[in-house]
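Next come two complexes built around chain A: one with chain B, the other with chain C.
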Partner chain A sequence: MKKVSFLIVFVLLAVGFIACRKPPTDQEVENGFDKTAMLTYYADNIIVPGYTAMVEKMQALESASNTFLAAPSGDAQATVKEAYKQAYLQYQKVAAFQFGPAETALLDLYLNFSGGLDYSFTTSGELTGFSVDTNTIENNITTGNYNLANMSRSSFYSQGFPALNYLFFAPGAIEKYSTNTAARVAYTKAVITRMATLVNNVSTGWTAYRSEFIANTQTNVGSPIGNMVNQMAYQMDLLKGPRLGWPLGKQSNGIVFATKCEAYYAGFSVALAIENLTNLKRIYVGGEGKGFSAYLVALGNEQMNNDVLAQFDAALSKLQLIPDPLSNTLTTQPQTVDAAYKEIQKLLTLLKTDVASATAVQITFMDNDGD
Partner chain B sequence: MADSILNYVKSLRDRQVSIAPLVTFRIVFGLLMFAGILRFWWRGWITSVYVLPEFHFTYTGFDWVKPLRADGMHLLFALIALAALFIALGFLYRVATVIFFLGFTYVELIDATTYLNHYYFISLVAFLLIFLPANRDYSIDARVRPGIRRKFVPAWCIGIIRFQLGIVYFFAGLAKLNVDWLFNAQPMRTWLPAKTHLPIVGPYMYEAWVAYLFSWFGAIYDLFIVFFLLNRRTTLAAYAVVVIFHVATAIFFPGIGMFPYVMISCTLIYFSGAFHEKLLSLLPFYRKGSEVTVYRYKYPKALSWGISIYILIQLIVPLRFLAYPGKLFWNEEGYRFSWRVMLMEKSGAAYFKVTNKEKTQYFEVNNAEFLTPLQEKMMSTQPDMIVKYAHFLADEYKKRGVNEPQVYAEIYVLLNGDRSKLFVDTSVNLAAQPQGFVHYSWVLPYNRK
Partner chain C sequence: MNKNVLSVGALALAILSITSCKKDPVEPVDPTPIKEYTVPTTYNFANTDYTKARQAVLMAVELDAYLKIANAGSTLVALDQNKINNMFANTGNPFTNTDLNSAGFNITSLTSDASLYKAYADSVVMFNTGVTASQGVGGFVPRGANKIVVGPNGVEYGQAFIKGTMGALMFKEAVALLNSVKSMSDADTAAAQKAWDAAFGYLSVPVNYDTSVVYQSADPLKPLLWGGYLAERGKAIQAGGTIFQAFLKGRAAIGGYDATVRNAQADIIMEKWEQLAAAAALNYVTAPTASSAIGNLGTQFHALSEGLGFIMAFKYRPANSKLSAADFQTLSNILHKDFYVLVNQSGFTDLVTAQNILKNTYGL
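Let's turn to the complex of A and B:
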């Protein structure tokens, strides 16, 4: 009996030992869906080109801005506005990749601070959502004493796209450059330089991070697939909350917060929201049979995939009915905004429950033990 | 029935066996708990789970349990860790076990969203250890006061821990005997395709038969492993299976944390006294004793009753779900404290709306304002937490000036590879619904497609 016991132990240990050896590469392909190919597609066709384009748009913005700052005028302002819009739209295309190099750079905090989701949106005085901290900006200009690398809400709210939004496009923006000109120009340049530097860092960071990204096909918290699904859900949460629902007064019994719209002064909030959601769909679909859409089908969830695609289109078509500037539409046609809001919530539900569950991804931005 | 149980308990109470298994158990359990507490601390979970949240999902009857502030919470964890270390060393054992049990249980009672089966198991074992003479040999206590040293203890001292572990496995096995687990291989079919990165076995994770194999093997293992551990002739082989099984679960499901290691360590208790004496003699300072020194309890009658009641509670609590109508996995009435481990895949999205009594005001609730992501995730699928949160929201919005707030929820929940479905009646004011052990009639019935 003892011998038999030891034999069993030996065999089981041997099996365990073999099972624990290092992986030979490229073997998950043969029986099912190739996740490495999916991640490779995302990296090479969507993420890396997205950041490369972002670098270029920042360069264009910087040169348009320099022209304006050298001689502020209405024409120059219009040029800056177009470059600003292009850069901002491009940012929406990479906003959902807030992990890896972007997480290291804290790109979302410094470029386009959303205020986070954990704040009450019921008082207009507080800095929440896509607010701009105009006091801090003016103070920074006057004192010349600031460090844009500071990690604080007022620091995030006084740089990046929101700060440029105020500096270039707020009422009387051009006139403001005629007093304390040197300091105001210097601050504007500092903001743009910092944005360009961060974007460059992330873009070059992906050269090294790419191999790590495509090699990890796990789905746990912090894995590339886990991050992608969580970021899609998070961007949906931002759409439902700070981008549309909260300025509309969903949290506040209909009290509208028009100034908290994304890009309030420039007035193309809806265009940004559409670009954001269009890009989420692009991420979901992927391409060439490589993407979450194809993955769900491979797992036998064809109907779910159809429903998600249809809901993306439903939400997008409702979004497209909202006229810009959103800050006006919130009061003139709240029902149009509300209609989009409802479709976005449906899509969010599908992503958070059906898609996350089918891909075995935990929707949580925090690590924890389970069961 | 009650008589035969009492007689069996009596024999366990009076028969004397080697103390060695209990000593090993004490050391292993203490060290593991020490490591576990440090791990929890090191990962920053004391702060993220107990300090940062402004609202906690307390247990019915334990609403008075509140977290301490940051300093106090860390101090409490330090105290629990120290107590665990003292248990391992057998130093001030009785005090250490009482502190560990109370401290650990207090922490677990703070928030139901952190409930884990193995935390409950740890609390139970810690409670038992208070009454077990595990420090009577190879301990600092016995070193300082050689008079308390004993080589034999009543058989129930070992038996009760074996019973407790047996309960964990057996009920975990019983819980798996359901249609989803056995005949749809859910949730394994959902979870395994996410494990294709594993070496060797990875490519097979998309295969349905593998999910069935995992499900059936898991159920059979849970149901029967205890009997092979108890049988002297198969203990060793069964233990090898225990080790391999739990190492495999740790590799496949790293998210279950300490559980595999708790089980691997604790099941050592099934080995014989002779085995443990041999094991302990490998350690420094261990002295074999030829003298027959026997540990006796002062109040045998009270002890018999105590043990019997404990055993009955352990047998009844996991079955209490039978008293509730509806589908257990959907309603989760009587789900916790029943050894349902890694049993289902459930996810949800919950949207709450608050109105005043006159229905002239509408506020959509931003869950992130009140809950951590972990709390929100847990609350979204568990009715008792949903209703507790609704009551909290009513209080909160009352403070904000809303007249007699009413709370309505639109919640979608997905269970075991099905699609997400509406979970609760959207027309019910949840803030007016009773909490506690009642049946939640506002949860919509479960209909599979």
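Let's turn to the complex of A and C:
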């Protein structure tokens, strides 16, 4: 009897011990680092305010656009351009949050389609990188027969920032509004309304999604931390590829693709790239000791954290040396662009390999299927 | 009171008799006493032989590799229909691995619905024309710096062939073999070991399989087909460790006349293998709905075509499968739809339906 009760106590102890041993990634607090606090900081100080600002910038853009569309002129165009730039810059601040509500809305695809990382400039034809599908846009205007919810490349390339880039700022943009005016105005408004609606949906969606976001401190596939690391790496991949490297000819033996620059007609591609990278650093650092930077240190990767921070600065300083419009600089100062490209490449490796590994996050956005 | 006891007793007897009526009719009449056995850590048993299963896998792998030649680069790489015919029939020494040419069998004879899977392979040749694919028109879809060859509905027939063959040949054969072992007498060790080994051969892992090893593509002993999927899509469900362990334990149990353990391992293998197919299928009906894949038909159609192949594997699932006939039909119907329609559905209704069936049925 004594033996039996001893056994029971032992079993109970063992059960208790096992139950207490959670895998490290499930812990809200890991090595003294509070992951819930980190996610709360991101949600409340960066993501939610970022989308709120995006809603406001879209309203300003819509208003400037309406003025222009009522009476197209050079002055009105300049006002639209400034509002467009502000909205586009703000978008760079939220682009890396393509999960949760933004993923449901497919925001990045409809607002600023990058063409994806698998589409080659040299082999996949016109609709690659930050292209504009001008044929489809003109066809949509002429026929009035289009569905912006379509999920095809030509659909993505004929709406969002790329479409506005063409409609407002391409050569002869103002004059084009004097032909088939009603249809052209209607299409422009449809594009802006759709952008504003999607942004509103995502902004509102975060109200409900916030609690889910901060409650899940795991780092597995589809977890908030997993998503954030993946999206930082994805945006870095876009910088290295469609934003900078591919227009420079990195995929095409040095053949430059000037028209594939982001916001090609508006001509502030570098400003967008700088804003994008600045914000990635902001996400990485976080604030008040709550961010991936502090998380890495807590996990015992102080040197790696220092390397990442230094590399962010190195890449940013090289990027800032590139004069806009990028489409000209690609041919006038290719070595300046190349210098930034090289630093971005190093930073990408750090984020995609070292940081991902240290945080036990699997990078999932590549088409890495074995066959 | 007495009456109550009596009726309870009667009820118990009735239940007992019902239970005894449900006995498995093939259970051995005269069980041989279990003798002591140890479970090894590698699949090295004295009389192990699964040459034929291994050769069937290698034939399918060579066919797959040949069909994939068409995917290289962005321009047309012609395929030879005769060579494909010969590989299916194993005539005219079609294989690079000459052992396969003299194997004395062909994969067609081992594949269920063989004509369908042959037709899939033939379709690669049919649509390997150099034409750019669009809805209703088969041809090329770019995928990275290369391409895939798809039919009018966007199906990459090469993937439908190889993933379908994994179901209709390897999985189906393994299930049949393991079920046959379950029906054997515990004394019939030679026949059971032969069948068990063949089933192991269809898994295609090295005898010292190790889930912690990342096998290099140049490694001649690297896991192939299902063996590769243990790591590619089965890590989260511990498919590799579970299935390999069960193969070791079951094979050892056969030698020890331990039919109970043997049969339990067979069930573990079949259940986990089917769940592995589900995990792969789930990945391939989910990946095309991610924003990083949307707008990239090459990535989306490639995944859906693999998904089609894995869904077809459920046609050959064990009788006690968790997947109902109705749910299988729903999955099959969805994956047989026009892929251009599936990737352009608002909210991806059909693919989400498929995801939910797979998640709920297989606990994924």
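By definition in this document, the second predicted complex is superposed on the first by the 334 of 371 C-alpha atoms of A that agree within 3 Å, B and C clash if a C-alpha of one lies under 4 Å from a C-alpha of the other, contacts with A are read in each partner's own complex, and residues count from 1 in each chain.
Keep in mind that, in the parts below, a residue touches a chain if its C-beta (ideal position, glycine included) is under 8 Å from a C-beta of that chain, and two chains touch if they have at least 3 such contacts.
Here the structure is a predicted model, which is why all the values come from computation and not from measurement.
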| item | value |
| --- | --- |
| Contacts of A:Lys352 with chain B and chain C, given as first, second, both or neither | first |
| Contacts of A:Ala78 with chain B and chain C, given as first, second, both or neither | neither |
| Partner chain(s) touched by A:Met304 [first = chain B, second = chain C, both, neither] | first |
| Partner chain(s) touched by A:Gln98 [first = chain B, second = chain C, both, neither] | second |
| Contacts of A:Gly32 with chain B and chain C, given as first, second, both or neither | first |
| Partner chain in contact with A:Met151 - chain B first, chain C second, else both or neither | second |
| Which of chain B and chain C A:Tyr234 touches, first, second, both or neither | second |
| Contacts of A:Ser120 with chain B and chain C, given as first, second, both or neither | both |
| Dominant toucher of chain A (residue count), chain B or chain C | B |
| Touching both chain B and chain C, residues of chain A | 116-120, 122, 365, 367, 369-371 |
| Touching residues (chain side chain B, partner chain A) in the complex | 43, 45, 48-49, 116-117, 190-191, 193-194, 196-207, 233-234, 236-237, 240-241, 244, 247-248, 251, 254-259, 341-343, 345, 347-349, 351, 361-366, 368-369, 372-374, 377, 400, 412-414, 417, 419-420 |
| Contact footprint of chain A on chain C as seen in their complex | 64, 68, 73-74, 142-145, 159, 228, 232, 290-296, 298-299, 302-303, 306, 343-344, 346 |
| For the chain A and chain C complex, residues of the former touching the latter | 98, 103, 106, 108-109, 113, 115-120, 122-125, 149-153, 156, 234, 365, 367, 369-371 |
| In the complex, chain A residues that touch chain B | 1-2, 4-6, 8-9, 12-13, 15-16, 18-24, 27-33, 35, 116-122, 216-220, 241, 245-246, 250-254, 298-299, 303-304, 345, 348-350, 352-354, 356-371 |
